[in-house]
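Got a structure for you, questions after.
Order of writing sets the chain letters: A, B and C. Residues in each chain are counted from 1.
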């Protein structure tokens, strides 16, 4: 018994010793599977800076964690999240003089420039993403479909996703990526400030679309759309589409004319970060060779113009998928903006829609539910009453 | 005499100090959190800090008004009920058979049933999911699939308490029943089942509660969100949406419902301690 | 005692149940040796998965254990077991000397985390850490594990302490032992078995814990094995099968050990 205690104390010492001085460490908070680990290791060897990678799978989680006091040196959130972090003063402005391998004035890919300009020049709500972020990847959202099984004539706007009787369909399990198609399909003017009527129309659209046969997925898509593809159509990000199309040549990517969401993810530096380390890593990743390797591995569109043009030109890695790689902001495309109220509404409603999935809309509560409610209600009431009676008797 | 009193005082002091860490843990990590959770459920979301700022019934109202979520709660209860029934149907005969075996075999069976409980639940569910996808893909995303998954995980929790109680039944009772002319069936109904009741109720509680509040099983076996359980709502509200106060409100409604059910099940336990081999612990 | 013989339908029933329980577990073990990166199509026997498993930086970080999920899961289990066992045992001893009213109340409160559904305990702890502004991390995970392990230790050790003969402790005092010495040399050895049992329960509960750990630390990047399994459930990695099999083998070993030990006990009795 005593020996066991001694052993544990010894182990404690050993552990604390081991994990002590490690040299400078960069805490990188990024999406899962969104960077080439070989590059991370190369950076560690080249710079002597250790990289600790932590993953998140949604912007909301990332923001919650940053707010919750977790200190990171670099985070890679999406446009609207960058906006929120900036407004809430959780990140610092980017000092572009410290970015040596990339120039925001000359080196940006065209598609991305126009997206950034769109946000910056917005009449009512201007925001300069480049003030707070260094672009990392960008893209849009569309429908990845099986060219063998899907009749191209059926691809007609986001309503295509309602063809669950004919095709195996998969929605993306995130409030934003569910509401965006819904809002676009039901004709909302803007996805950032829908009116109550437009919002409700979108909710109805989603409820009708999410039948019991429809799947709701996130990362399963990587496995599911390989040959043979489990779904005929799946809502997908352009980068994932690029990757999947390169692995399965029976896939195509369709962006509905009603418009879609174009987005950008970028490096931001949280307040309190070891900024030297942050800039060192950014410079490393934005370097020509590394950016090229990263985009080839991950599949998303790179912000560097020279790499980008090379990728879609003849002989380039993404030559065949130029359409999905060269994301342009079309007339009806929009960038998501920071809107706290809308976000909360969408988040809550999305869970409700999921809970309603598979149930007949007009059914209301249904017999099973009512029986359960009545039964449990009776149990609670009578147990409370009996409890009180018992107490009175005991007195 | 002085010595003895001095010793007594030292003893009292020691015992007091011995208990302090425990009470610290109990109060700070058990009592206060529950209290805070209740307080939090009446606050607006995104409030931080210990002291309540606002008061709102919004979370409760939002939850109760949403038929989808109320339905999620009741369907969770139905799933738990189905699970409990199936585990009872399989578990009771299983426990009964075990008591009939040779002692060595009983121990073996006990270990075999017990062993999976020590294996990480996620591993077991994943294993089951793989098998289901291979041999019975129609079970995925269905009510039956979820119930099967829950039965798979919680069967030992039903078997063990029933076995514990059945194995303590004094065989003399059974013999006297037979002597008095009772048939096998009558003995079963009038003697064995009542005596094992406390074990059965124990098993019911140990299966029903976790089954109703699970988050793992529907996420693995019904990934297309067709079976939306109350645990899923709480999980998503916290992890995805960061709405802790809302989740607290849902958790409290869930607790009230469960308390009502548990209270009733405990009241059914009329035969507690009747069995001569049982010892009251407290 | 008359033991009825078991007839054929009963045996079939038993076999069916055991098959139902163990088929999935066996398939995991089998597929952990699969050549292909798939969990449904078998293509060949290989130890590759195990090599991948032990070199995986997330799970086993040999240069920095604090970054390794497996090590941290073990470490937190060890720490929380140690703390909760000590606290729980001491509490059990104290409670035998406490007034009945306080003791009953304490026991009732003690049972709350035991009978509550885990998700409720998880939410309450999350609210606590949020209110106290403690960021989610391995620290909160450790505190949470201590929170739910201690009650189990108490209910395991207390009955044993209660059943002790008080005369022995009194005899120790009479012979001049200080209360502390009496505690260590007299009481603890007698309840050793219960303490070990309690520690075993605490360890397993901590090592396998999912819901509470997930809520309290999950999204911070500080994961334990269960959280790792859950967050990777959508992108299946075959190294998980390898990890599962290793855990199975360890548990299996423990079961075998228990079996043979109890077998020996039976022989001693007979």
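Please note the rule applied: contacts are C-beta pairs under 8 Å (C-beta built on N, C-alpha and C of every residue); 3 or more make two chains touch, one makes a residue touch a chain.
Because the structure is predicted, anything quoted here is derived from the model rather than measured.
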{"item": "A-B against B-C, pair bridged by the larger set of C-beta contacts", "value": "B-C"}
{"item": "Far-end chain from chain C, centres as C-alpha averages", "value": "A"}
{"item": "Chain centre separation in whole Å, for chain B relative to chain A (CA means)", "value": "36"}
{"item": "Whole-Å gap separating chain B and chain C, where each centre is the average of the chain's CA atoms", "value": "17"}
{"item": "Chain B: positions in contact with at least two other chains", "value": "223, 239"}
{"item": "Chain C: positions in contact with at least two other chains", "value": "130, 133, 219, 234"}
{"item": "Residues of chain A whose C-beta touches two or more other chains", "value": "61, 64, 217, 220"}
{"item": "Parts of chain C lying in touch with chain A, wherever the complex brings them together", "value": "64-67, 75, 78, 82, 130, 133, 135-137, 188, 192, 219-221, 231, 234-236"}
{"item": "Complex interface listing, chain B residues touching chain A", "value": "45, 62, 66-72, 74-75, 77-78, 141, 223-226, 228, 233, 236-237, 239-243, 246, 256-257, 259-261, 263-264, 267"}
{"item": "Chain C residues within the chain B interface of the complex", "value": "1-4, 6, 10, 13-14, 17-18, 20-25, 27-28, 31, 39-40, 86-88, 90-91, 93-95, 97-98, 103-104, 106-107, 109-110, 112-113, 115-121, 123-128, 130-133, 143-144, 146-147, 150-151, 154, 158-159, 162, 173, 178-180, 183, 204, 207-208, 210-211, 214-215, 218-219, 225-226, 229-230, 233-234, 240, 244, 247-248, 251-252, 254-255, 258-259, 262-263, 266"}
{"item": "Interface residues, chain A side, partner chain B - complex", "value": "58, 60-61, 64, 173, 212, 214-217, 220, 344, 347-348, 351-359, 364-366, 368-369, 372-373, 376, 379-380, 383-384, 386-387"}
{"item": "Residue numbers on chain A that touch chain C, as the complex places them", "value": "1, 8, 11, 15, 18-19, 22, 29, 33, 52, 54-57, 61, 64-65, 68-70, 217-220, 222-223"}
